[in-house]
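In structure tokens below, several structures.
What follows is a pair of complexes built around chain A, which joins chain B in one and chain C in the other.
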Partner chain A sequence: MVKYIFQRIIYMVITLFIIATATFFLMKLLPGSPFNDLGGKMTEAQEQLLMEKYGLDEPVPVQYAKYMAGMVQGDLGVSFQYDNRNVTDIILTRLGPSAHLGAQALIIGSILGIILGMTAAIRHNTWWDYTSNVLAVIGISIPSFVFAGLLQYYFAVQWRLFPVSFWEGPIYTVLPTIALMIFPMAICARFMRSEMLEVLGSDYIELARAKGVSNNTIMFKHALRNAVIPVITVLGPMTVSLMTGTLVIEQIFAVPGIGEQFVRSINTNDYPVIMGTSMLFSVMFIVIILIVDLLYGLIDPRIRITGGKD
Partner chain B sequence: MRHNKWLLLVVAIFLGLVLAACSSGSDSTEAEDEEKILNIAERSDIPTMDPIMTEDNVSTQWIDTVYEGLYRQAPGGEIVSGIAKMEETEVSEDGLTYTFHLREDAEWENGDPVTAQDFVYGWQRANNPDNGSFYGNYLMSGKIKHSEEIFAGEMEPEELGVSAQDDHTFVVELETPIAYFDSYVTNANFLPAHQEFVEEQGDDFSLSPDNIMSNGPFTMTEWNTEEGWTVEKNESYWDAENVALDGISVKVIKDADTRLSNYDVGELDRVLLSGSQVSDNQTSPDYHSLTESSIFWLKMNQESVENSEYMQNENFRKALAKAFDKQSYVDVNYGNDSVPVDFFVPANFAEHPETGEDFQTGSDVLSYDVEAAQEYWATAKEELDFDEITLTFLSKDDDVAKNISEFMKTELETNLEGLTIEANNVPWSRQLELMRDKEYDLAVSGWGPDYIDPISFVDLWITDGENNDVGYSSEEYDEIVESVKGELANDPVARFEAMREAEEIALEDAVISPIMQRKTSVLFKGNVKGLDQFNPYGNNYSYKYVDIE
Partner chain C sequence: MDPILDVRNLHVSFDTYGGTVQAVRGVDFALKKGETLAIVGESGSGKSVTTKALMGLVAKPAGHIPKGEILFDGKDLTKLSNKEMQKIRGKDMSMIFQDPMTSLNPTMKIGKQIMEGLILHQKLSKKEARNRAIELLDLVGIPDSTKRIDQYPHQFSGGMRQRVVVAIALACNPKVLIADEPTTALDVTIQAQILELMKDIQKKMDTSIIFITHDLGVVANVADRVAVMYAGKIVEVGTVDDIFYNPKHPYTWGLLGSMPTVDGNDEKLIAIPGTPPDLMNPPKGDAFAARNEYAMQIDLEEEPPLFKVSDTHYAATWLLHDDAPKVEPPEAVKKRMKGNISAGEENRS
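Let's look at the complex of A and B:
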């Protein structure tokens, strides 16, 4: 196990290195420079002066070497769009709200989804099942920003139950969390239902029933544990996308999250921030994949994790 | 039934959380009744609070709010005394030396007096190439003595033509007389800086309220990245008795509908309208349409890589310039009150130095007129010997820009027979590159001034000018502009007339085709005073003069 994890970490570092290299060179292919948001007032000589100041006049491989050397020491550089602001600080302050919302949406959404899916499977072909199915289909097919708009309009503008937007306390997270959790909830419900149906029809559940095991033990110890594996597989990547923020939801609820930052840094050619956010997303993704792999083994001991050829 | 209990439990926990949150959120409104706090939203966070690094509206606005330079803009663009007493300013006969007398009661936030040395340091800082100020270079080069040489690295920043005669006398030497010096000098790059504080802060300068030392009507008290910021009245400001607001609370809201919703529920006192929000709210008593000094025009590139021989023909350009309906352009693409125009120096912008008459008296040389356009087109066809031609229309790739491409394509193709428009929608940064490389035929672009003077616009079209990317060149025009910038600088009336003449020549030559002078639609509450007009340049509002009744 330790050997396996160690090996995986080595692979992770190599993967990150490749991603960083590819991102760096691809990013340099973007048209324009970081200094073109001035209504076209800048002359070439002035731009040259700024390029020199930020070391952008050097050959790309040299810039790359310098950046990588800095990154290894934890220095991600300073932003161009926010003058002199440290990229690490930008990422850390903006990751907070996104991660907070994402975690809330993920936990509530997946728990509700699992309950919904289980209920549907246990009460197969009853109105429980149909309602849960309809909810799941709606949740999957309607994009979250539509929910966000509706929630905002009714709950905030019409009925004034919640604030329209901003990020000032727990109550401000309610509407965006609901808008964000609909999708994971629907996905979990769908997967849970179909897996649960399959598991409930299997021989070992029959056997457990025959042995007189209580219904609760069957459901939570035998059925749920087996049915939850595919749910965890989809939840892994979803965790990353939820925690790293959603551009539209963040804009609608004026949440100072990181989803919007990533898009804007690309639009403004803010190279250090593009690199910083890309690396953040990559690290989170790779770590989540590792965690998911380890979770498989914990939940279902039949899935063995071993290192190397044995 | 067990599962129902589970569900109930989850719902109960969720509701509990919500209620707990509700009760904690409601205690902040009590104290606000007596204080005059203006609540507004901005479309983006402040990119920088460092005066010399500002390049955008939001930074410019808030730097103006917490700092004060020699002079300041009052609502509507009137220039009034700031740290310098305007009525005491002395100008040498040749217009090359300005002596400013600073008021003695002006203080920094920490109680230190604002001195002439602070101005010397602030200006040198803006002019130091190591600091990378774009506007410092743009505004000072060739104007403030030795600025250009310092930016080129040939001289030291300390050699800039500014000096402190004593603590309260600041002297500026110019390379050339600047007729619009009063408005020019309100730019953030000309603010004073507290040397000891700036050097102590180093790279952290201006990154948070603690790293800012203000000397203006307000001080920044809170600033949360991408969330918003708060400024409070600065009691040590020399003119504090004339600052009506106790503070301003600003929230960053990027989504237009969210902004409007917040206005509707009373969270905001003012909101900018965009898109269909304009027509939806036009009948509201809170609705106002504010004139800007930005003009938008159709560029017709005479140095086009592919079609320069056509684009250089005057009849060809006039046909294009007169063949599209400017009013429909505004209606279709913006749906607001922007004004279709046939000139490129804005109206309500500059005044005759003696009579106070508006610079802009209108022109119909390039007005919308399909018949005239078709006549020019027929002549051009004869002169250039062509039946059909394809021109590219370069534009950004956002929704408005795409609508504009569609609109221009339809109008021009319908009215000019044999013309095909190929729309090229690219990201803004790419558009700038293509325009710089002259790889386009047509494009829409705009210009906003940096000081109150028609030269800000007239200077654009001089031969090989830095911003002349339409390839226009006219000896007559160049001569007039040269004289405006040179020998006429100390003769305001002749200078004013010369600039009018220059604009006329350029329009006759169809240098560009003017489209519209932009207006911005806003809603603001009836009890808010002083937000009813935009300043003609720089910071949009002067919050020093805003009041809530």
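Let's look at the complex of A and C:
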């Protein structure tokens, strides 16, 4: 097990290196430079000076080597757009709200989704099943910003139950969380329902019934664990996309999150922030995939990893 | 002696979009203490559905029991609620399933799967249940039981898994054990082991067994009595000797005729022509008439009652009526009847 995790970490480092390299050169292909959008207020000599200051006048491979050398030491450089603020700093302050929202949406959404899917499967072919199916399809097919807009309009503007926007306390998280959690909830419900139906039709559930086990025990002790495995597969990547911020929701509710920051950096060619954020997303993604793989083993003994000898 | 289980005129139907399928259409049998009753018949004849009805495992709401009684312990099981059936399932009556590869929960240790029933029905503590589970594993012949109890099903072979399933079924010393084709998914050597195991356990515990199979070789080996089912009804019932040495129903002849013999490698197997009838619209008269070369006019019009051949032997065919022409079973079947005498003897010794 330890050996396996160690091996995975080495792969992760290699993967990150490849991602960093690819991102760096792709980013350099972006049109424009960080300093050319000032509307002619800057003379060429000034621009030249700035380029030199940030090392942008050097050939790209040299810049790449310097950046990588810095990254290995934990230095992600300084931002071009915010008075030379440290990139690590920017990312950390911006990541907080996004991660908070994402975690909230993911936890509530997936738990509700699993419950919804399970009950739909248990009450297969009843109005409950049909209703939850329709809800799930709506949740999957309608984009989150539509919900965000509706929620904002009714709950904040019309009924004044929640603040319209900004990020000043727990109550401010309610509407964006709901808008964000609908998609994961719908996905979980769909997967859970179909998986649960399959599991409930299996021989071992029938055997459990033949043992005289009660319905509830069958659901929670026998079926849930087997049915939840595919749900975890979809939850992994979804966690990353939720935690790393969703641009649209952050814009609508004026949440100072990292998604919004990321897009702005791309628009302004803020290379260090683009790199830093991409690297952060990659690290999170890879770590979560590792966690999901380890979780599989925890849930399903058939795919438990044994290091060589049992 | 009173039978332990008495099934009377049992009907089981399933509602589907196309209509109601009458899977079981009036089955009567009684099971005595310590006896093994084999139910044979081809796929779709209602064998499994009958036993599921006994266990109260007919899938609701599509499946239901419109008529009939299942008398067990003075109670009519068809009248019990699900909660009440839960107390009987696994305790008084338990079941062994066909495919051991799929009938154990893959994410639960086998020990826990065995202990579950013990804790539920016998109110044992975890520790007592664990000790009992180890005993059961020893009983069904799983070596190294103290270690194996903490393993998962995928760490067992097919035959070993079926032993675990048997252990689960036996956990609470059930009065009736229903085995639904317990050896079909196993290879021949393992089949023999599992059959031996079941016979052994029956001797030790004096359990009554209902054994569903379509393997007549297995029937000769394990059963005391045999019920032949066709299209949701029992068409012939008798002791093993009655059925193998003196079969009366043309369908039983067909089953015997389609069984390969040990020595007869030069002869063809005789298949029963046609397919079983559509039980959504069961035919008028004898359901087997369309496939029966001895069918008479009356077979198409009226269903035959069970004619008594002897005290133990009944068959539902008009051929047994006094006015019917005397028909001998076909030569091939006669040969096999003899073949079975020797095969049966060998198996018993």
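We take it that the second predicted complex is superposed on the first by the 301 of 310 C-alpha atoms of A that agree within 3 Å, B and C clash if a C-alpha of one lies under 4 Å from a C-alpha of the other, contacts with A are read in each partner's own complex, and residues count from 1 in each chain.
Assume contacts are C-beta pairs under 8 Å (C-beta built on N, C-alpha and C of every residue); 3 or more make two chains touch, one makes a residue touch a chain.
Nothing here was measured: the structure is a model prediction, and the numbers come from that model.
Asks: Let's test your reading of the overlay: on chain A, do chain B and chain C clash or fit side by side?
Replies: Result for chain B and chain C: fit.
Asks: Which partner chains sit in contact with A:Leu112 here, chain B, chain C, both or neither? Use first/second/both/neither.
Replies: Only chain B; A:Leu112 stays clear of chain C.
Asks: For the three-chain arrangement built by superposition, which of chain B and chain C touches the greater number of chain A residues?
Replies: Higher number of touched chain A residues: B.
Asks: With both complexes overlaid on chain A, does A:Ile299 touch chain B (first), chain C (second), both or neither?
Replies: Only chain C is touched by A:Ile299; chain B is not.
Asks: Looking at A:Ile171, would you say it contacts chain B, chain C, both, or neither? Reply first, second, both or neither.
Replies: In the superposition, A:Ile171 contacts chain B only.
Asks: After the superposition on chain A, what is the angle at the C-alpha centre of chain A formed with the C-alpha centres of chain B and chain C, rounded to the nearest 10 degrees?
Replies: 160
Asks: After superposition on the shared chain, which partner residues are touched by A:Ile122: those of chain B (first), chain C (second), both, or neither?
Replies: first
Asks: Once the two complexes are aligned on their shared chain, state how close chain B comes to chain C by Cα atoms, in whole Å.
Replies: 15
Asks: Please identify the positions on chain A that touch both chain B and chain C, taking each partner from its own complex.
Replies: Touching chain B in the first complex and chain C in the second, no residue of chain A appears in both lists.
Asks: Touching residues of chain C toward chain A in the complex: what are they?
Replies: Residue positions touching the partner: 55, 57, 82, 85-91, 94-95, 97-99, 102-108, 116-117, 120-121, 152, 154, 165, 168-169.
Asks: Which residues of chain B touch chain A once you look at their complex with the stated criterion?
Replies: Touch list, chain B to chain A: 2-3, 6-7, 10, 14, 17-18, 20-22, 24-25, 45, 47-48, 50, 53, 55-56, 129-130, 132, 134, 137-138, 151, 203, 205-207, 224-228, 251-255, 257-258, 261-262, 264-265, 267, 426-430, 432-433, 435-436, 445-448, 466-467, 469.
Asks: Would you mind writing out the residues of chain A in touch with chain B in their complex?
Replies: For this pair, the touching residues of chain A are 30-33, 35-44, 46, 49-50, 53-54, 81-85, 90, 93-94, 108, 111-112, 115, 118-119, 122, 149, 152-153, 156-157, 160, 163-174, 216, 251-254, 256-257, 260-261, 267, 269.
Asks: So in the complex, the part of chain A that touches chain C is made up of which residues?
Replies: 202-204, 206-215, 221-222, 225-226, 299-302
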